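Given below, in the form of structure tokens, are the structures.
Next come two complexes built around subunit A: one with subunit B, the other with subunit C.
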Partner chain A sequence: MAQLLPHKDVVIMGLGWTGAILAQELTDAGLNVVAIERGPWRDTASDFNIGYMPDELRFAVRKDLFLQPALEAMTMRNDVSQTALPMRDYSSFLPGSGVGGAGVHWNGFNWRFFPNEFETKTHLTKRYGAKKIAELQLEDWGITYDELEQSYDRFEYVCGTSGKAGNLKGQIVEGGNPFEGPRSREYPLPPLKMPYASTMFAQAAKELGFHPFPLPASNMSKPYVNSLGVAMGECTYCGYCERFGCANYSKAAPQTTILPVLMKKSNFEVRTECEVLKVNLRPDGKTAKSVTYIDAAGREFEQPGDIILLCGYGLMNVRMMLLSGIGHPYDPSTGKGQVGRNYCYQTQGSAARLFYEGKHFNPFVASGALSSGLDDFNSDVFDHGPLDFVGGANVSCGTSNGRPIGNRPTPPGTPRWGGAWKKATAETYQNATAVGAQGSSYPVRGNYLDLDPTYKDRHGRPLLRITFDFPDNDLRMSQYLSTQLAKIGKAMNPKQMVVSHAAKGWNSVPYQTTHNTGGATMGAKPDTSAVNKFLQSWDVSNVFVLGASAFQQNEGRNPTGTVGALAYWAAQAIRERYLKRPGALVPA
Partner chain B sequence: MPRGSGPSRRYFLASASALPILAYAGETAARAISGALPWHPFAGEPPKPVNPAGWYFFTPEEVVTVEAIVDRLIPPDQLSVGGKEAGCVVFIDRQLAGSFGKSSRLYMKPPFAKGLPTQGYQGESTPAGRYRDGLRALNDYARSNQGKNFAQLKGAEQDAILTGLEKGQIDLKLPHGLNSQAFFELVLQNTMEGFFADPLYGGNKGMAGWKLVGFPGARYDYRDHIEKHNVPYPHGPVSIYGGA
Partner chain C sequence: MRPWALALLLVTTAATSARAADNAPVSPGRYQAVLGDCEGCHTAPGGKPFAGGTVLQTPFGKIVSPNITPDHDTGIGGWSESDFRRAVKEGQSPGGKRLYPAMPYPAYAMIPDADITALWTYIKTVARVRHAVESNQLPFPFNIRTGMAVWNWLNFKPAAFASGAGKSADWNRGAYLVTGPGHCGACHTPKTLLGADRAAALTGASLQGWFAPEITSAQPRGVGGWRATEIVTYLKTGWNSRGVATGPMAEVVEHSTSQMTDADLSAIAVYLKDVPAAQAAPATALAASDPAMVAGAKLFQNNCVGCHGADGRGEHLMFPPLAGNATLLQSSAESAVRVVLAGAQAVSTKAAPTAPSMPSFAWKFSDAEVASIVTYVRNSWGNAAAPVTSESVGKIRTTLREGS
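Entry: the complex of A and B
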């Protein structure tokens, strides 16, 4: 029997990016906030210590900072004809764990989505006709870029983002991304210093008539004091970023941006190594009254609260809704139901790997988001009229992971061991780079999330089941992108080039990306979305669901910038609308 | 409780408002934190370098077999020492004796069904078990085909067996539904880890793997080199504990 605890105004599940943002904003509004976090407390000085953070085996290979499957796994299959089995180790994607969540181990790419991407269905239908997107299950997000612009700006200035604006209040600016939506002001910091490979890429792309720009990086190009007064250090290009916490206070994470302020507040408390089991609804099912959680010693508690915020990783938010009976589970056979609908991933796999002789790319001189890229083939920047797909990809070239357990390129045909392998490895380490494409992932009826009928977690609750394969539309996009990558790669004059694209049959084994989106999507209509434009559950009005679970589709860009912006947007709606008049903010 | 006065890093730094029911001692205790950053000095958890003496997992016969394998996967030549001299067997031994060998962080609940390749390894056997079964079967195979243990074969004969395993052409008839090709992949992966991981884990002796490719290791600051395009980095590697 769970022990009943004293009431709080706000109860948050998970203290990662969205939990930290919401807690900061709502404690500022005077509310008493508690965050229930499954993983441990983590801070820079102790847990991302410079003395032992540069350890590839511990952090990148054995995944020390990530969620352990023993605590929570997920099952996967490519389609409903297969039997889902548990991913016994996470490897295609790596959910975060502990205070800071995935905000600890990300690279720092801090993007905005394009204005048309919040209204994809309307936009593409208008431009190409409904037939063009008939095989997809696209929906508008119920929000516009203009509404979200200030929230993007807030997140970028909290994070301290290095970049170059391409569109300032409608004015196209040389050197930035000319295709982006208008920004109200310049990035808080100038771009990072570019490495050799990125410079070669930018020059080749420019000569081909494309529009390269430094990708927006929440790795500090200079010392920075953020909008909350928290000081951050200059990035040292150490090469231990993705999968690592930053020991230099140079990568934006909740630890380096928000927690130093939030943790000092007496109206905030975090309970770590405490896992939320369920959100408890009132008998009418229209509001939630509390969450039940279990601590590390196995004791259960019931924490009542007026507002419940699901701030876990997107996939976990969806699972929590399904476990708690919030909203209606999606059924792919009828297309009805909302929770679990429009699960999307990211279409990786388009790449041109380039091999040279006599170069020194110094792949270890690297930062998380250190890249030059272009959007000439992203989103709907280019005319899809004569093409057989919609969507696109950001194309980029950078150095971020030169560590040699994971990065030992060899030319095709090289043996994987023995004397010939060793010779080729020694020769190629300094002589390889790649141009990659991070592609959009669009929803189809058969890709979705639900609860697994067989496999359970350590508390006996069903695991989340992922049913996903790359839609044909996205594979055609990937194929098209690979021809563009080949053009750019060729212009970079390699001695040898290997071009690839994504293929059918999502494989859960090789690492691809931790950009899982959808499942609790936002929208203007309750029949095709789980939450309204303020990320409020249509069904349970005091539950808000944060994170990339709200995305109706994923675009050719990293999701964190939009996750952060939506968190500020939702926090503002709670402060300015919900607290004045609790209840549904949008009539269903 | 004032900052830094606790007996261990797992103490509670609880504000007056924190709930007393949460305040109990224990290694995996939940914590309630409010009103301050719960940081105190010397709280880090640095890795413990392995002691290179002795064997924690492998039997003497297994040691000889794995030494022979890692010296074919990474042979000694003019470019670097081989896998054995680099400590790859010590590395694998310590990994198998620890959390990796036991699959302690993985999801290991039944039922164990035969999966599709896209679903990854679905076996019940841990890496430690897979090595034990695989090494025994490898020597059985060598003895029944060539009359000698694997380690006693000539280099070319050893290579032929390893190549056969890699290509899926040799079936060691492993127990517990284990796959011979997957066994080879596991050994190859762990050998490369040992050769390129920080030396504190027992492999990469003298930073041989890092020197082979020109990786500077744990330097952590390249601000003076980021804009030196196509220029070799002038310094050799350092490891977490400063040397090899």
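Entry: the complex of A and C
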């Protein structure tokens, strides 16, 4: 029997980026907030200790900071004809665990989506006709870029983002991304110092008539004090960002931006190593009354609250909705139901690997988001009229790390082990770079999330089942992008070049990207979205579902910036609308 | 009740209470508690305000601060104002029980009775907490409180504050705050074998595993070279361009100085810059070729430059500078060695909330390695101080291990 705890105004599941943002904003509004976090407390000095953080074996290979499948596993299959099996290890994507969540171990890319991407269905239908996107299940997000601009701005200034604006209030600015939506002001910090490979790439791209720019990085190019008064250190270009917590306070994470202020507040509390089992609804199913959670000693508690915020990783939010009966599960055979709908990923795999002789790329001088890139082939920047796909990719060349175990590029034909391999890795280490394409992932009817009928977790709850394969549209996009990469690669004059693109059959074993989106999508209509434009559940009005689960589709860009912006957007809606008049903010 | 109805109710009540607590005007009595840093000892880390329980490690043994909330059974709810005044200013609680001078009554004796009345008025209003504390955990013979009568006879000369002849009002206010309620000497003034102040006030002293640095007009060991505004910034925020408050000083900044008025902080600065420096021969820097310096330089390059910089300048509000850092220039390297071994966290204040931390390196470096690193930073970039021995590092390591 769960022990009933004293009431709180707000109960948050998960203390990563969105949980920290919502807690900060709602405690500022005077509410009493508790965050219930499954993983441990994490702090820079004790957990990302500079003395042992650069331990590649422990953190990058053995994935010390990530969610372990013993705690929560998932099953996967490529389509409904297959029987899903549990992933025995997280490797295609790596969900975070513990305070800070995935915000601890990201690279730091802090992008905005383009204005047209919030209205993709309307935009593409208008430009190319409905037939062009008939095989896709695209929807508008129910929100516009202009509505979200201030929230993007807030997240970038909390994070201390290094970059160069390409569009300031409608004025195109030389050196930035000319295709981006208008920004109300410049980035908080100038771009990071570009490494040699990125400089070569930018020069070649410019000569080809493209528009390279430094990618937006929440790695500090200079010492920074953020909008909450929290200071961050200048990046040392050590290259231990992705899969690591930053030991130098140089990468934006909840720990380095919000928690120092939040943790001091008397109206905030975090309970770590406590796992939410279920959101409990009232008998009419229209509001939630509490969450049930279990602590590290196995004791069950019921925590009542007026507002329940699902701030876990997107996949966990969707599972929690399904486990709690919030909204209607999506059924791919009928296309009905919303929870689990429009699960998307990221179409990686398009790359041109370049090999040289006599270069010194110094890949160890690196930072997570240290890249030069271009959007000439992203989104709908280029004309898809004569092409057989929609969507695109950001094309980039950067130096995110030169770590000794994982970063061992070798030219094709090199043996996988032995003396010849050793010789090749030694020769190639300083002589290899790559131009990559991070591609969009568009929804189709058969890609979705639901509860697995067979496999259960340690508490006896069904695991989440992922049914996903790369849609043909996205594969055609990847193929097209690889031809563009080859052009740029060739202009960079390598001795040897190897070009690849994505292929059918999503494989959950090799690492691809931790950009899982959708499943609890936002929209203007309750039949094609699980939450409204304020990320409020259409069905249970005091539950808000934060994170990339709200994305109707994933674009050719990292999702964190949009996740952060949507969190500020939802927080503002709760403060300015919901608290004044609790209930559905948008009539269903 | 419908959740939204409850939400409405809570928004109004919670909003007013949470915000009010953060921005409440400070009462005169509360301000006396700030000046006296009462919470520094009487509020345990993570504990309820004034409920006691903080352990003070003294050379004589362990003393635990008592509960001074108005709880009748476990606090001071049964006291009268005169009981309170006698305890604060004379070190005697009701029934004639003598307090140990860990309670700085020799300094508090200077506080005028009117201010004690204000403080008493405030203390009566703090939330009652039922929390029984066994304060006296000293070993024999120090656990016999009557011994304090002899100590007082030898060392306790209660006196009202005496103004300095020909000194400014600021200087006098500063002198009063530093030597009276602020009881800075409790840490910063060297002690006799019996734990009484020695004559060389504020010239630095070892306690609780730290070396409280000299805060006289000395240069560069003291604050003689600091601008008055730098002293004010340090006390208000925990930071200035020369260093950061950590260890016991972090608690002082948190509970006391960060809440003082700028006028009082300026007065403290004026006074400290006029306190006579300790008599000490100027140190000469070790040669860069010294084997300890060579070893230290190598270790520093590989482990410390990421934050503190190759030039030892650090980064404002993040990583304290090592060049010119007074903590490194004290006669004792105890604090520097401790920070390398155990790590340290900066204080978090409204003006500087970050509270960055230095991680622990005890697991990574041998005593000899710590000794050479600390020797190196004490003797680089214009710094000069005596080298550190492996043996002294070993002693501190043992103390830290036993304390944890």
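Simple rule for what comes next: the second predicted complex is superposed on the first by the 588 of 588 C-alpha atoms of A that agree within 3 Å, B and C clash if a C-alpha of one lies under 4 Å from a C-alpha of the other, contacts with A are read in each partner's own complex, and residues count from 1 in each chain.
To be clear about the criterion, a residue touches a chain if its C-beta (ideal position, glycine included) is under 8 Å from a C-beta of that chain, and two chains touch if they have at least 3 such contacts.
These numbers were taken from a predicted model, which means no experiment stands behind them.
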Touched partner set for A:N362, first subunit B, second subunit C, both or neither: first
Contacts of A:W506 with subunit B and subunit C, given as first, second, both or neither: first
Partner chain(s) touched by A:S379 [first = subunit B, second = subunit C, both, neither]: neither
Partner chain in contact with A:K193 - subunit B first, subunit C second, else both or neither: first
Touched partner set for A:A247, first subunit B, second subunit C, both or neither: both
First, second, both or neither for A:N447, with subunit B first and subunit C second: neither
Contacts of A:T27 with subunit B and subunit C, given as first, second, both or neither: second
Contacts of A:I405 with subunit B and subunit C, given as first, second, both or neither: first
Of subunit C and subunit B, partner touching more subunit A residues: B
First (subunit B), second (subunit C), both or neither touched by A:S218: neither
On subunit A, positions contacted by subunit B and by subunit C: 43, 45-46, 49-52, 234, 236, 238, 247-248, 260, 264-266
Residues of subunit A that touch subunit C when the two form their complex: 7, 9, 27, 29-32, 43-46, 49-52, 223, 225, 228-234, 236, 238, 247-249, 260-261, 264-267, 282, 287-289, 306-307, 542, 579, 581-583
Residue ranges of subunit A in contact with subunit B within the complex: 3, 5-6, 41, 43, 45-47, 49-58, 61-63, 68-70, 73, 76-78, 82-83, 85-89, 91, 193-196, 199, 234, 236-240, 247-248, 259-260, 263-266, 268-274, 295-297, 359-362, 364-365, 402-405, 408, 416-419, 422-423, 425-426, 429-430, 454-456, 505-509
Complex contact set, residues of subunit C against subunit A: 2-4, 6-8, 10-11, 14-19, 21, 303, 306-307, 315-319, 343, 345, 348, 350-361, 363-364
In the complex with subunit A, residue positions of subunit B that touch it: 9, 15, 17-19, 21-22, 24, 26, 28-39, 43-47, 72-75, 77, 79-80, 99-100, 103-109, 111, 113, 115-122, 159, 162, 166, 188, 191-193, 196-198, 201, 209-210, 212-223, 225-227, 229-233, 240
